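Each in structure tokens, the structures are laid out below.
Each of the two complexes below includes chain A, the first together with chain B, the second together with chain C.
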Partner chain A sequence: MSLAVKRRDPAALVLLAGPVLLCALAIIVPLVLTLVVSFWERKMIGMQPGFTLTSYGLFFEGARFSVLRRSFFVAISSTLIMLLIAYAVAYLITFRLKPSRTRIFLFLLSVPFLVNYVIRTFAWAYLLGRTGPVNQFLLDLGVINQPLDWLLFSDFAVYLGLIAAYMPFMVYPIWLSLSAIDKRLIEASWMLGEAPLQTFLRVVLPLSLPGVFAAAIFGFVGAFGEVAVSQILGGVGYQLMGNAITSSLDVLNYPMAAAMSTVVVGCMLIMLLLWLRFFDLRLFLGKVLGR
Partner chain B sequence: MTIMLKAVSRRTVLKSAAIGAAAFGLRPDLALAAGQTVTLADIGVGDPNGDWSTYTKETGNTVNVVSIGNGPSAVLNQLIAGGGRQSYDIINIVGGMQNPLVENDLIVPLDVSRLKNWQNNAYIAEYFKPGSKGFDFIGYEGTIYGVPTVLQGDSFAYLPEKTGGTLDSYGALFDPKFKGFVALEDNYTTAGQKTALYLKSAGLTEINDPSDMSKEEIAKVVDFLIEKKKEGQFRVIWSSFEQAVNLLVNQEVYVMDCWEPMVFAAKAKGVDAVYAKPKEGYLLWAMAAYLVKGDRSPEKIEASYQLLDYMLSPEYGAMITSLRGYMTNPQAPAFAAQSDKFDEATAKRIAEIDAGVKEKFEAGGTWQARWPTNIETYEEEWQRFKAA
Partner chain C sequence: MRGSLHLLVWLCLAAVLVFLYAPLVPPLLLAIRDPQTGAATLNNFAAIGADPTLVSAITNSVLLAAIVGIAAPLLGLAAAQAVRSFGLPRLIITIVLLPLFIPGVSMGVSTSLFFRLTGIDPSLFTMAVVQTLWALPFAFLIILTVMSGFDTLYLEAAYTSGANRLQAFREVELPQIAPGLTGAATFSVILSFNETVRTAVVQGGNNTVQTFIWSRYQQVGLTPNMYALMSLIIIVTLLLILVLVALGRKQQQS
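Coming up: the complex of A and B.
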């Protein structure tokens, strides 16, 4: 059935209208409300409808702006690290693992998600602590004389927590993208005399970029709005944007929380628009779905 | 489906009638409210492990305990957006939040003449007098909104084996001897106020009232904390009960600004932790139970008042003291000693907890202000500390 036929079919239109309306209500309406509230004025413990840039002014002038800068840096750098790891894992699954084992490996990647995310983060705190198993193991081996303080409550711990939390999510879109590459193109590259590295750089990598970008969005969005990892593993007031927004909500400063959320959503939207601008999503999904 | 509804309805009516008749026979004044279920939203402290048998026996009503967050935004969001105004009859949270609760029209003033246990509660008369700092935990602009359910004084914990002896000043939190082995709570109204209490007592900064600082005063407190943070004094700022307990149990820190139940939990795990008796005094606070404003029948309101009254009873107080380690009711130790409900050891422990907290209140310090006048500045400044 062609798309044109579907468009003329009132039943199909009705069927489509429901989910579209639901998406609009669940996604668009809260975003628009957040944007509107960000311009409202804070009055005592409430807020007053209007148009003021006070919250944005306070945000960009105050300590919270440094949190935004840090969040950007942490989110971008951790996403790059996660991409490197996730790409290597996805590549191995796609090209080096027997098809019969792929399913098992992908299942193993999802096993950590059976445990609550906060509990997993607390587990890292236990493992990396001064008296934790990692330090104890290193002490027993004689590699160190005293516990390593920087294992926990440090940038290292935050990056480790973020990688553990979001990297597995990033493997899937990259794997999907790599799986969708027509193997004949790779074979053609070999036959034309390209070395494996050149084949990877000129054929495999460019064709897998939509998946890479999708994975980057998963990683970036997660790391940028992270709350638990920074709070549990970060140490003395380590904050990312999620923590700063929560803190504003604690004093019922909804316009400020909305302004910060709007900035965060704006950043995400820019990334999504770039993705749509540079990659043909339909082509990517079409290949994955075998169409 | 219709048949089922009819059956349930008939059963309910018969049950209610039976309970009502029984209650009317025993206590005619309470018959009005029998058969009600009162929903109590609690932060995890006020539930006597599901044992509301005395309340049910005396009133014919039952209690449905649900969980509620303790942060201002959590409480307000659950009441406003989460439908709490209709589903919760009473909220039992750390007091002092009457300002946002009253201004948002979420709680109602209490008619204390309907609470027979109110009048003979010496702690209410002593610690929550109108005009006192304690009153701010139950009242707002001269009107009473909350029933005080637990009282406590906070200081800090330490591991004597690691610190090399007794610590009796908040100065230990900032002592270079423990550099890198100190943790603070992520809360400007606790860690911030304790720091203010120390700075004032030590004569390091002029602070008029640590419980309600001016914008300049809280900025000075945060300047001091930032200086210490940059020197590497603090290992972490904790934000949950489990996290704090683990910090002590794993000996990640030796000195920690925290709540006393964390010391109980650490001790239960075999760690020799001590809750300090600082010479500067304690951070005093109380929990309060409020009647939620909503569309309720007179029967439901009566049942809610009955529950509030029960929460002021020596029996309820003894159970909560035993379970949670907080001071509750002045008659709780005597009740525990005389009642079959508690064994001798438990009764002794209840008396010890009661005496211990009373000692803290006698030592004084500063009352915690959950909603200080300049709360936005507190939050801004705390952000500055954390971002530094």
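Coming up: the complex of A and C.
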């Protein structure tokens, strides 16, 4: 990069650094504040500065802890399922489609993603209902002779909702790292006599790991903090961390909401740090950064 | 053999698309169906205009989309320029992209605690802040992509011909990256228009169309009017995406 571009004059510094600093503060200060509040005491309808582990104590022993455990399990298992689908899709569009068609497919993939996922989740609730089109279709076909109950308000429905909501987003990072692989490496492996599966396992898969890990984070973040999918498709009482946090907010228990939120954000930050530790950001954003 | 494999690939990809597009259909069908008779009707849409809370929710949504559509690209532009000039790309990128990695509820809780403790009451402003922070990573990435296609040699040429930094930016770089900015703006509007969870936590007494549907669902469940609203949101979003496509076409032609 040339010096001329890097040269600094005070006005430009203020103009550029100002907004960046503002964003940094707007993102980081509230998160730090949440950590601080999580140690505060709860008052009748508010909170009071102090230092207590009450909220964490209540969180880790009460019914909320089972919500955390369930959330963790649902998030991890749904992320694994979503990774399998997203990887298959990314692999097919990278290696089996013409580049021009890949772009079209990625575009088509992102259109539903841009439509609010709460609305899409409502639609799934309708599609999967006892009298909904899916049951009707199966009845008409004669596959079943009474409506399936487990289609809605079940683990199945929640997983389906999560996949519909977050899987498309996971295709992009995997596609980014798959398409960055030097095709000559794959050809070399083929010429050296490796079977296709071996080539995939020993060349393609390892080289695509930065994207896979990024996709895993996206999926996990979505599923772990989920509010709408669990409430709409899981039915009454199906709670994930997001639901537990909002219901604490509803009863104005701010320290508890802060404590649970801190645990969630903490999990995310650990994953993010691991990602940054193992992979260089430029490896992944290389195309975007143009170097 | 090869042909059938090809067909299989297409079938798999088509199945994924059907799965993703299926939920866009029911709201549209339910919106034009009379709940009693099942006949096609537009009454559900007409009822929207008669509800003052709904009208104000729509106004709020439009205002917010406008604010976010301007704020997010500008902040994204500043951040992307800073990435190029300051030599701290990793730090800036990590911070700006952070909201992508934090669940919506947590982001909402954090900002609402921040506003509560600083004494800022819930308003359009607090909603705009939350939505801007959410749209920023996307706007930032779009602008960064467009900027990486811009050769900084042009800037050097401008400097050698005596332009100052602002002139060089306005007259040389801006025309080149403008499609990225409009793309980022459209994307931000779409994201703002479709955001629920973060906004719901900091909205106070205000509503957007999205949070209105959400809270109505929690109180009384879904009514035909709600489906009409959802259809509107879907249609507007699809139209905005068409704008994005048109912008992209124009960029490729120029």
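Note that in this section the second predicted complex is superposed on the first by the 268 of 291 C-alpha atoms of A that agree within 3 Å, B and C clash if a C-alpha of one lies under 4 Å from a C-alpha of the other, contacts with A are read in each partner's own complex, and residues count from 1 in each chain.
By our rule, contacts are C-beta pairs under 8 Å (C-beta built on N, C-alpha and C of every residue); 3 or more make two chains touch, one makes a residue touch a chain.
All of these numbers come straight from a predicted model, not from anything done at the bench.
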item: Dominant toucher of chain A (residue count), chain B or chain C; value: C
item: Partner chain in contact with A:209 - chain B first, chain C second, else both or neither; value: neither
item: Partner chain(s) touched by A:138 [first = chain B, second = chain C, both, neither]; value: neither
item: Which superposed partner A:76 touches (first chain B, second chain C, both, neither); value: neither
item: Partner chain in contact with A:31 - chain B first, chain C second, else both or neither; value: second
item: First (chain B), second (chain C), both or neither touched by A:63; value: first
item: Touched partner set for A:17, first chain B, second chain C, both or neither; value: second
item: First (chain B), second (chain C), both or neither touched by A:253; value: first
item: Chain B versus chain C as contact partner of A:126, first or second or both or neither; value: both
item: Contacts of A:268 with chain B and chain C, given as first, second, both or neither; value: second
item: Footprint overlap on chain A, where chain B in one structure and chain C in the other make contact; value: 122, 126, 231-232, 246, 249
item: Residues on chain A engaged by chain C in the complex (per definition of touch); value: 1-2, 4-9, 11-12, 15-20, 22-24, 26-31, 33-34, 37, 85, 88-89, 92-93, 96-97, 105, 107-109, 111-116, 118-124, 126-127, 133, 164, 168, 217-218, 221-222, 224-228, 231-232, 241-242, 245-246, 249, 254, 257-258, 261, 264-265, 268, 271-272, 276, 281, 285, 287-290
item: Chain B to chain A touching residues, read off their complex; value: 71-73, 76, 99-100, 103-104, 180, 186, 229, 234-237, 239, 242-243, 246, 250-252, 375-376, 378-380, 382-388
item: Chain B partner contacts - residues on chain A that touch it in the complex; value: 44-46, 62-64, 66-67, 70, 122, 125-126, 129-132, 149, 152-153, 231-232, 235-239, 243-244, 246-253
item: Sites on chain C touched by chain A in the complex; value: 6, 9, 12-13, 16-17, 19-27, 30, 74-75, 78-79, 81-87, 89-90, 92-96, 98-107, 109-114, 116-117, 129, 133, 136, 141, 144-145, 148-149, 152-153, 155-156, 159-160, 164-166, 190-191, 193-197, 201, 210, 213-214, 217-218, 222, 230, 233-234, 237-238, 241, 245
